[in-house]
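This report refers to the structure that appears directly beneath it.
Chain nomenclature is as follows: A, B and C, assigned in order of appearance, with residue numbering initiated at 1 for each chain independently.
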């Protein structure tokens, strides 16, 4: 067992009871090592969102085992008392839309989570600026989210997900609004960050532009996952 | 940690300031209503303090002279002067009537006083006290009269020789002081038509119009047009004595009622102002409820407008406590802005009111506290809505 | 220095907030209970006062008469009307003499009869005198005879008795003559009385004057004491002036007076105090003085109201304060002075005051002291004060800000 990373065993999620019960997840098994970027692909209604919500400690699974970053977070029941802190410190979220806080400027949007975690304002902002620079949006550091283009906002949201150095990042269709060049750029950054910080990243996507870049892909259909090897196309040399 | 509430306010400051202005005007109205009530009570206190009296001697079984009409003979003051403990005693008359100046009419309380005795104005803001025994007046500035104006009270013209401030009746009408004899005539003497009518009626009465007693009819008609009544006797007790001590022997005559300062305050404030006080109290409650509702509505709407951001914040790991704190701080901030604007507005428009509006600091502090409380309570609705948001909504289906 | 937009916004909002709070603090300190009480002060100077007494009075006639009968009767005729000038002794009215004439006639008849009775008594007296004479002669003769024993003693006694009777008859006759004379006197006196009464029926003017009212017409019945006419002497009009007892110090006959009649309020007339009444009005607490006109004004009516100001002699030099600054504190009269910014009460002893509102200070102040004249509120020794020039706007309503 690797320290860090994501391990999911036999995860099951049933909504409702009795006759109206719906089994969204029947048997999900996934492993993502630290530093790996793994794709999660499947048609709508296959349980992708449910899986993300379980992994993100937003909803409670019905049965199974989840290990995040070396800590068992679920084993039939929650093993972590404060889920919100878990999410804040251990999981980074990247959404389909940037969802930046409109009344905070870009730097503070990124620095918010570290500040909530108790890091001093100056340190948090410094870290935010580093991440923004790495994502090539540092020139927008003092702007308000409404002044940024869609792609810039998306990159800022990625920086936000990375700001608290979580061991795990869950990305839900992060490249959906982007063109192919930008999309590949995002994937490159994700891979870089994964490598640099040894973060385990799951990317839920059906974007054909980036699927070839994954080394491993999990297919999910009707609540079950199947692993398959990906193309692993190189992202080097891309802007 | 940065202040989320502060950032939100800075970001949408126009909305905040305008909302604060609107809330401020509402709070200003509330403070003014409280000020109106305090003003009424202060009017009563001013009336009692400015009269300079320790005791009010009035007609038996009445609660005069301000709350009820009271009429006593004007020579009773000599007997009162002889009672133990009485340092000074003087007749006064009070009568609310229209006073004319040029074409304008002002509603004023005409006070008949003996200059230098209790009942007259203690301090002036212009001019001098009454020196002549007739046809001079000292008026309160609220009447709008100036020094040298000629005013008409009933049958005679008076010259305004002095001005006072804050000399008002318990109803807020400004006072006009004239000599006691003039006031007695103004209050009790009727107009010419009525006098002629009375003379004819008396002459037609055979009991008064006897041929064998010449002079009887004239004497009777003379008593009809003479006035020897006053409304009250104001008494100052000697130093070192309790007013109640001095009042009791006077009351034991059984023909007079005597009130001390506490008794008069009780009558004026508790009885005379009671209905208005209740009205104002109800109005204040309604205003408080309306203010609470408005603040609740505003904060709720503001929160609903941020519902997605709140969901995201919850999702990425912001604690409920932080989110609730943000909403609460915004509500309190709104309250502070509203209160400052309201206090400013109330202070600025208070002098324009026709009656005296007294804005006390204690009331302002209470108002501030109540505003903060209302804002805090009003924010609970929004906080509940915010906390109920499911973070999972941030992740699409 | 480049200020970013959010920073600019922050600064401007902060500035707005500071401005609002400053405005609030300013407003709260300037008005309302925290503000200091505004007062005006003035330096007192020495000077003299021309005090004056003021009162209102009614025009009355000094000499007036009620003309009427001394007994109840009916008015026969009234010869004059209101406004007529009459001379002393002029016939003004007559009462109905009723039965006076008849009673006079009756008395005349009685007198005539009394004269007759008197004559009869005189004749009787003569008769009695003659009888007495005879009786006396008879007695003397019989006496002589008796002495000579020519007649009996009994006869002599009869003569004696005759003489005595005749004497008595004489006396009776003399008495009845006297009686008749007294009766006549009495009747003459009665007649004189009736004549007087008949004179009373004519109402004559007791002095020169003008008829001021006509109270009964011919044919009306009046009782004794009721007036048929009233007369007054138009040259004797004066003003019955009433002055408050408390403010009548210095009221003496001879004071110059300034009179303003109600009907001629634009002109002031000169006058003089002619008399100060010994009896004051204790009910209205007023002293009464009579003020005569120096020159009788042309159109003045009895009963007209007048305002009279009497000039008193000027007082000696003393410190003067305006009456507005005089206050009472704890039973003492005095003024407030400002010392080291705080009000201090100074008790005073006051003297005369003028109608213009200046009061003499006999004790307690020196020339040049500053006293508080006008104040917005009643002062106490703890009040915070602020000295200003004036509390009211000149010639306009309202208070100075």
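We take it that a residue touches a chain if its C-beta (ideal position, glycine included) is under 8 Å from a C-beta of that chain, and two chains touch if they have at least 3 such contacts.
Here the structure is a predicted model, which means the values were calculated and not measured.
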Comparison of A-B and B-C by number of C-beta pairs in contact, larger one: B-C
Taking each chain's C-alpha mean as its centre, the one farthest from chain A: C
Averaged-CA centre spacing for the pair chain C and chain A, given as whole angstrom: 117
Geometric centre distance via CA averages, chain B-chain A, whole Å: 69
Inter-chain centre distance, chain B versus chain C - centres from mean C-alpha coordinates, in Å: 48
Residues of chain C whose C-beta touches two or more other chains: 6
Residues of chain A engaged with two or more neighbouring chains: 144
Contacts with 2+ other chains: residues of chain B: 10
Interface residues, chain A side, partner chain B - complex: 49, 52-53, 56, 58-59, 84-89, 91, 93, 95-96, 99, 101-104, 108, 112-113, 115-116, 121, 144, 160-161, 172
Chain B residues touching chain C - in the complex, by the definition given at the top: 10, 13, 17, 49-50, 52, 75, 87, 122-129, 131-135, 141, 144-147, 161-163, 165-166, 181, 211-212, 214, 228, 236, 238-239, 340-341, 343-344, 347-348, 350-351, 358-361
Partner chain A, residues of chain B touching it in the complex: 1-2, 4, 7-8, 10-12, 308-309, 312-320, 322, 391-392, 394-397
Complex interface listing, chain C residues touching chain B: 6, 9-10, 13, 16, 20-21, 23-24, 27-28, 31-34, 54-56, 221, 223, 225-227, 243-244, 247, 283-284, 307, 322-324, 326-328, 330-331, 353-357, 373-379, 390-392, 395-399
